[in-house]
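Have a look at this one.
Chains: A, B, C and D, in written order; residue numbering restarts at 1 for each.
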Amino acid sequence: MAASQDPFSPESAARAPSAGEKETGRVEAFSDGVFAIAITLLVLNLKVPTASAGGLVPALARQWPTYLAYLTSFATILVMWVNHHRLFTHIHRTTGAFLFLNGLLLLFVTAVPFPTSLVSEHLRSSDARAAAAIYAGTYFLIAVAFNVLWRYASGGMRLIDPRSNPGDVRAITRNYRFGPVFYFSAFLLAFVSVPASLGLCAALAIFFAVTGSIERPADW
Amino acid sequence: MAASQDPFSPESAARAPSAGEKETGRVEAFSDGVFAIAITLLVLNLKVPTASAGGLVPALARQWPTYLAYLTSFATILVMWVNHHRLFTHIHRTTGAFLFLNGLLLLFVTAVPFPTSLVSEHLRSSDARAAAAIYAGTYFLIAVAFNVLWRYASGGMRLIDPRSNPGDVRAITRNYRFGPVFYFSAFLLAFVSVPASLGLCAALAIFFAVTGSIERPADW
Amino acid sequence: MAASQDPFSPESAARAPSAGEKETGRVEAFSDGVFAIAITLLVLNLKVPTASAGGLVPALARQWPTYLAYLTSFATILVMWVNHHRLFTHIHRTTGAFLFLNGLLLLFVTAVPFPTSLVSEHLRSSDARAAAAIYAGTYFLIAVAFNVLWRYASGGMRLIDPRSNPGDVRAITRNYRFGPVFYFSAFLLAFVSVPASLGLCAALAIFFAVTGSIERPADW
Amino acid sequence: MAASQDPFSPESAARAPSAGEKETGRVEAFSDGVFAIAITLLVLNLKVPTASAGGLVPALARQWPTYLAYLTSFATILVMWVNHHRLFTHIHRTTGAFLFLNGLLLLFVTAVPFPTSLVSEHLRSSDARAAAAIYAGTYFLIAVAFNVLWRYASGGMRLIDPRSNPGDVRAITRNYRFGPVFYFSAFLLAFVSVPASLGLCAALAIFFAVTGSIERPADW
């Protein structure tokens, strides 16, 4: 497609990025859009209580499972966006298979508002266990999809920028490994204790946020 | 508009892309936004069942048509975004007519959540046939709009980047031809067998995903 | 802010656009996002009819005012996005006042789904006149906001790219003048004939689309 | 990550921005997406009144608290986007902590549609005080988050572009200081007078818009 361009001329460098690079940009932009919309749609789960005998403030206070689920989902999608972001720092081209693995990840991310509202509405019902298991299970699927996407991209440095530090690439592979284990634990925990399962999901979002901040304090 | 700039100076190349190129960027960004929002709004079709005698899990299981429609629509919009994406790899300028043909395509893409919820709510009613026909019919219209858009852009290489490989351009023309035929078959099939019609729509999304991956394994 | 950079070095040209240019990009991206979301939210007005005696197809057919309002609003927002797009081809920097005039325009654009659903739900009630007047009135306000924004930007070439063709700039000023007149006519027409008022709104979207395509066939 | 590139070659300058710069771009794009979606979702608070004895126009007129809350929230999110925008003019790299402080800000911004609909539905009920306090309280949290984000970024010029004018940076620090004080006053005022509290919120949006426009008339 860009066969006739001279890669060493500044003009062609600025005006005609190779197809791979250009398309990485569009995949990032599309993914960012999906993350941004999914995180913003969470607010639609917050429902205004209708006027009741006890007044607005107690009615709002009774909705605490909704706020808890909102905060946890917001933090988790944000951490996932940051991770997606970091992953693309190292990826400099795409393939068809990569686009569809990324699509699988986005499928689970866009689904998050649904288990979030399941937990909001069923946390104090007899179905709390099922709701919490589905909630943690969704995050487990996202963590698995992240690993599959990254393994595909980084295996044999398939799609990795040759300028990337191989140590950084291996560090991401190591870090991502823990996600599925932790979220599968949260899934199992739902059958034992609903608060423990949701608490683990919330703790994981905070943990990943903090380790993310510590690990590369300078410039990621 | 950019008459006074020197196209061979690196500064002007970096700072003042010609109007056509700049506007291709904005058309892509706007289209990406619309695709990203349409794909994310699909989740609003997933409704939390109210507490019922049988418990949450059976109530969720009874919603299987909703999940099937959700997955098919998600995969189809994703494949269409990938195709839109590939098409713009070759297009380097826009015209007014192109913008409006692209708008017609986006009109049908943004409408997808509506037939998706039609199928979700009517798959097990006596109106399943009509719902499935409208669902496949929407995809037929999208496939036709894709062909019209691409024929307009590629006819006489009207809007095609002169650096594009003519073989790649012809390959897209050949591939796109099949979409309307397949989706029109799914439309007709709805009057014979609803599961066959929906199954064909789901299979087409998977088929286009896989052939897309095989066809250009290296760098699209 | 960019005082220490050498504008003639290719490196600084590529890496440090002046503040004005960078911010035009963000205003365009933000505006594009708002247009893309507003146009996609229109689909939420399409409601799945509940199962009724007569079947799904007649129930859908009875919703024709909804589809008419959907198509007209979609086409109008699209035309407005194209116009916004063309306007920014000539604007190369922003001011605080410009950002807020652009915000006023976006306020009216984001409001469009509301009058659209007013018309959808009241077109066959005794309130059709009021609904149609509010619908056309919203477009009148958008057309006025467009004119105010452009007059501010183009007055004395305040924010116009010095490389822009003054004839192109004056042509936009001339074209924009008609919008408020036509939409005010549609507003007044609502009190005489609701179909004529809505028909004029639909015709204007098509008219602007076609004249837009004819006027600059080559490269806008 | 970019260790092997030659920063003085025009080609690498155009094609391989340093990680920090690239990621600032994605943070801005993601944040813009969230602001754009939050501001556009506000329209979902505008509900079409059902046909009533008195007609559509009086029914719409009775919804004035909804329009007031809509306009105030729209203007406030827009001003906040402009501020976010200006802040990023000076920030040229990110850290993990910065990404999460920005995420905290976005959390409160995405929540705005909820207190907006609280005020819309409860402004004329006995719970108006609580609704107005929560509304102003949300803006107070946003103003605090803005200050924390900026103090972190600008403290010791941590993430500030070395080419930024230190006077501009200090001016932002001075201006931002007032937000929390004003919004905390609006919060307290809600317990005394609901109209005064909401009026202050509306006035602040207009005030920040106007001072923003005056302060840097030339090119922000």
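Note that a residue touches a chain if its C-beta (ideal position, glycine included) is under 8 Å from a C-beta of that chain, and two chains touch if they have at least 3 such contacts.
If you're wondering where the values come from, they're calculated on a predicted model, not measured in any experiment.
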item	value
Same or different contact residues where chain D meets its copy chain C, judged by the half mark	different
Degree value of the rotation bringing chain A onto chain D, based on Cα positions, nearest 5	90
Cα-centroid distance, chain A relative to chain B, in whole angstrom	24
Residues of chain C whose C-beta touches two or more other chains	10, 14, 29, 33, 37, 41, 44
Interface residues, chain A side, partner chain B - complex	1-5, 10-11, 14-16, 18-20, 22-23, 26, 29-30, 33-34, 37-38, 41, 44, 93-97, 99-100, 103, 106-107, 110-111, 113-114, 117-118, 121-122, 125-127, 130-131, 134
Of all residues in chain D, those that touch chain C in their complex	7-8, 10, 13-14, 17, 21, 28-29, 32-33, 35-37, 39-44, 46, 48, 51, 55-57, 60, 71, 74-75, 78, 81-82, 85, 89-90, 161, 163-165, 168, 209, 212-220
